[in-house]
Amino acid sequence: MKILIINPNSSPAMTADIDRCAKAFANGEFQVDTVLTPGAPPYIDTYQDAALACPGMMQIVRENEEAYDAFVVACHCDPNLDVLKEMTDRLVVGIGEASMKMATMLGHRFSVISMGSRSTPIKEEVIRRYRLEDCAGPVRAPEDGLASCREEELFLDAAKKAIEEDMAEVIVLGCAGMCGLDKTMEKALGVPVLDGVTCALILASGMVKAGIATSKKRRYAKN
Amino acid sequence: MKILIINPNSSPAMTADIDRCAKAFANGEFQVDTVLTPGAPPYIDTYQDAALACPGMMQIVRENEEAYDAFVVACHCDPNLDVLKEMTDRLVVGIGEASMKMATMLGHRFSVISMGSRSTPIKEEVIRRYRLEDCAGPVRAPEDGLASCREEELFLDAAKKAIEEDMAEVIVLGCAGMCGLDKTMEKALGVPVLDGVTCALILASGMVKAGIATSKKRRYAKN
Amino acid sequence: MKILIINPNSSPAMTADIDRCAKAFANGEFQVDTVLTPGAPPYIDTYQDAALACPGMMQIVRENEEAYDAFVVACHCDPNLDVLKEMTDRLVVGIGEASMKMATMLGHRFSVISMGSRSTPIKEEVIRRYRLEDCAGPVRAPEDGLASCREEELFLDAAKKAIEEDMAEVIVLGCAGMCGLDKTMEKALGVPVLDGVTCALILASGMVKAGIATSKKRRYAKN
Amino acid sequence: MKILIINPNSSPAMTADIDRCAKAFANGEFQVDTVLTPGAPPYIDTYQDAALACPGMMQIVRENEEAYDAFVVACHCDPNLDVLKEMTDRLVVGIGEASMKMATMLGHRFSVISMGSRSTPIKEEVIRRYRLEDCAGPVRAPEDGLASCREEELFLDAAKKAIEEDMAEVIVLGCAGMCGLDKTMEKALGVPVLDGVTCALILASGMVKAGIATSKKRRYAKN
Amino acid sequence: MKILIINPNSSPAMTADIDRCAKAFANGEFQVDTVLTPGAPPYIDTYQDAALACPGMMQIVRENEEAYDAFVVACHCDPNLDVLKEMTDRLVVGIGEASMKMATMLGHRFSVISMGSRSTPIKEEVIRRYRLEDCAGPVRAPEDGLASCREEELFLDAAKKAIEEDMAEVIVLGCAGMCGLDKTMEKALGVPVLDGVTCALILASGMVKAGIATSKKRRYAKN
Amino acid sequence: MKILIINPNSSPAMTADIDRCAKAFANGEFQVDTVLTPGAPPYIDTYQDAALACPGMMQIVRENEEAYDAFVVACHCDPNLDVLKEMTDRLVVGIGEASMKMATMLGHRFSVISMGSRSTPIKEEVIRRYRLEDCAGPVRAPEDGLASCREEELFLDAAKKAIEEDMAEVIVLGCAGMCGLDKTMEKALGVPVLDGVTCALILASGMVKAGIATSKKRRYAKN
């Protein structure tokens, strides 16, 4: 089984982080590779960022759908996910959709921890797109603006507020670049912390094994 | 006042139809022009179609935001509307959003008449994106598959079923290419029939006159 | 084109304010007049106030439906709007409905700034009547009780809290008597501020021009 | 204990029917009287009908709030209920609210049987006002238009369709004038059939006995 | 008429409290008895508690359905209510369902005052089960953890916050063991305070009198 | 890794079917065992059935939580799932929750195919419990009453109606006993057909591998 993770941005460093986490989870039981998106901006934060990433993401799918069994879109707002689900018969899993739907199975309310408040309305629209607004607390971000992906302390502070003030029982990491922080944060917080890349790989590898893929009836019909 | 209508597809015929209807409504009281989208497919039906139209639509906005006061996106599923609202300080109005929100002011339930059932799930997602699902009956399309934009009889049949079986009280034309059919259909049906191009021009011209534009706080911040 | 604005209360001062704003917006392009409601209380705050205004409002419509093309109800809780929509073939637009539905096109969340907390539950019911509760933050009012319509400073304070604490991106003035404050508040706040009278006139004048009126099928059938 | 039933219309025959059913339920354990509404139309079907009934209903409350412990509004669309709840400290119960909320305790889905399809959108708005749309099937009415209140056969046909086609498990009589049909219809249908007058009296008499009345905090503050 | 109150826990003290309040309300007009549940835990707080109470509750219904006209389940999270509604033709009323649905008739928003924050998510699920989440503020509990049922001061503090900060207009006592506190709290708070046992008895005694019971069509069919 | 599947009923035949499907999916990559529930009825259809199965299910968890890494509840209405999630630190996955949430990732709308219409309201409550009502068409069952689990033809007929009339794009098998029918039905229907046992094993095995388990904060705190 071969799964290709598409990092919708063009950051080699974030791509490498994602790849390392993904391979750690795969543990040699299936092949997983990660590519960055040519022509995409270095970080996906806005609607324009997502739009600029789209041609490159489509090209990656076109060029790899013979070679791979499934695709994972590794940006928490699941940019262009519908386009990709439509254009290929291969399974496509978004890390936002995977992690947030899995979070609903583990507790009464989940909260997404984001990198900065700029993208909060977009993230809330994503939550709503999946009809999860009643299961989610407000998106929380470090208070002094855009964090780097690895500033664990700031995310812990935001997560603690989500747990205590918003009654969250599960934390969802709101950026693919936060992958690898889940277990240390989980230890500090005492509640499950979900990394989207891991969640998407659970679903993608399991569904490929079971022969489950996107419905090609109506909504995602290829053409 | 100058308003630019962006037809997200590349059909010159549909662009000309839209332009004629738009100029008829404007009636010389404001300037309105219509352009097709370079590089877009001839018809926007799928997620891929919308994605392929995006670069061209962004380019049109970039090149014209100095010269025009507002933009109208003239495809009923409002493709890439969020991207455009974000990228410019100018007002951007989608014909789907405009016509369906105006329809809610005129009766208990509206129904969108679509060209073919292929795009029904996408149109229902658009209805839901605007939180209008409780005001809308099911999207109706001619039963024998994709119609041409001008086959009024087929649309009348679908609209009659919407009115009688789904309790619709207002009909919304689900394609920019249907513009100009509204008044003859209205006469035949006895309920308001809304053409999205007209509705979007009402809002765009009125809001420009009043100095109202997209909020640049958070969700649609230019950045 | 002739539009009649019905101020549902009996305050001559507020009627004059509304009329001045309305004529400024109309700018001579269409005729607009404003009348107060005979027999109504001086201010509409409660369910009883709305009930007491109803006979006078109905009388105004009956006496003027020949002479005017459309009516605007100029009180933000849209009192008796359904009654008026039903009783006449002319278009009837409420300033609450117009401004709040237009606000949803401009940003992620809007907040209504009200004159006093007494009417908050009624205003929240109005928001819900239009199925806008997911697009609206809590109604905000000056904290020390009922303000006069022209106390801009108090409204600015409430609006700033709505923007910062409730994540509002658009402000809606919650009283017809606040008309004329929109542009100065907009400048101070940096987000769109919508005055209901202006919004209703945009819709009413545009729909009259396009020949659009209330559906007379079922819900608003005359009888 | 004394309860006054307000029939919002001016029909002496329907008032007598309601009074007979009410006294049968009261069974001498509490006093119940029924009055028609002076100045109201003979039947409440439209928004205008409800508006025309309002002054008379308010007058009845004003003149009787010393003498009675509670009021019941005996029209299934609960006309002017908010006005009455606001204007008096006495408990006010609507037969629509009472019967539909009680219906939700008895089965998975209820259906309202109405007298004619003219008022269906208004009845559906009432269902929605009480946030019951997910518990209710579509409102059903005899197919050949407006029935008289006593045509039990037509209502049975509509109720059977509601039970079989809409999966209703409880039937709610959608007009005060249908009171007294509940038990014979229940026998024929095999599911509970709720008469609003009875349901409202259950709640009104019980709440008066327990000393429960409308909250006068905020929404229904007398002023 | 004979009504049996089932206290789902095994506390003799709480059972006695409930019985005293119930008999006070019944006032000799109908017979009411209260039993504790054999084999149940001393307090119902968790899903396991509810599960452990189920066999005993089922046994009580089986042994008493000949002798009693209706059952009341006297724990505010209505444990095993669906099971009991299904297994008997007798009416079964839960105090949570009864009090919260009655609360919606008395004001814009109600708040449940709970004994401790441990059960908040369970209580919020109960609110949602009855589709009341839009009518309810957050569940409030004394801040320093689990209170005893009779610590009125702590409940008053929580209720005041619900009224002032959450805009509650009606208070619902979130535990059968709080019965008897309603009237003193009501006096202190100035808004209606609903005791579930009283509310359930209003409905149960009224419905028995009117011959209304659970629908045995589909959802609660005996088998 | 060791996963224990709890069949909540006491049918050895259905237990053997489930076990065979589970082992086929596991394919030797993890250990999976299946047990029936002592003291449970032979089939879980009603609320009482679920209640009767509860003590046995709790006992199974207590006796096996040392030996197994996760539990799967193999009945599509997920009986007693909350109880089990609460009582153990081990992950617990219900086949209803797993299959329906996975179905939402694969298409616009899913439909559950059930064995008989008796349990339709219960299944619809389960759909609602997971807030999936907007993603699901009506539950469909063979029209002539309760089918046996293996009557593929009847299920195909029901599924075809769901796809054509209800616009379903994904089919979910509504009974653990239908396991093994998914792939032949998928071939006949041309849309994904999800078997709950497989879906639950995908999630359970993946989450155990990733070290993800139920949150023990608040809702499912052990006590």
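The letters A, B, C, D, E and F name the chains in turn, as written, and every chain counts its residues from 1.
Everything below uses one rule, namely that contacts are C-beta pairs under 8 Å (C-beta built on N, C-alpha and C of every residue); 3 or more make two chains touch, one makes a residue touch a chain.
Nothing here was measured: the structure is a model prediction, and the numbers come from that model.
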Shared interface partners, meaning chains that touch subunit A and subunit D: B, C, E, F
Chain centre separation (subunit A, subunit C; CA means) in Å: 43
Inter-centroid spacing, subunit E versus subunit B (mean Cα positions, whole Å): 51
Subunit D and subunit E: spacing of chain centres that average the CA atoms, whole Å: 26
Numbers and ranges of subunit C residues touching at least 2 other chains: 108, 120-121, 125, 134, 167, 169, 218-220
Overall pattern in which the protein chains touch one another (line/ring/star/complete/other): other
Interchain contacts (touch definition) - all pairs: A-B, A-C, A-E, A-F, B-C, B-D, B-F, C-D, C-E, D-E, D-F, E-F
Subunit E contact footprint on subunit F (complex, rising order): 45-48, 50-51, 54-55, 58, 80, 82-83, 85-87, 117-118, 120-122, 125, 129, 218-221, 223
Of all residues in subunit D, those that touch subunit F in their complex: 108-109, 134, 167, 169
Contacting residues of subunit A [partner subunit F, same complex]: 25, 27, 29, 93, 97-98, 101-102, 104-108, 130-132, 134-135, 163, 167, 169-170, 183, 190-192, 194, 198-199, 201-203, 205-207, 209-220
List of subunit E residues in touch with subunit A within their complex: 120-121, 124-125, 128, 133
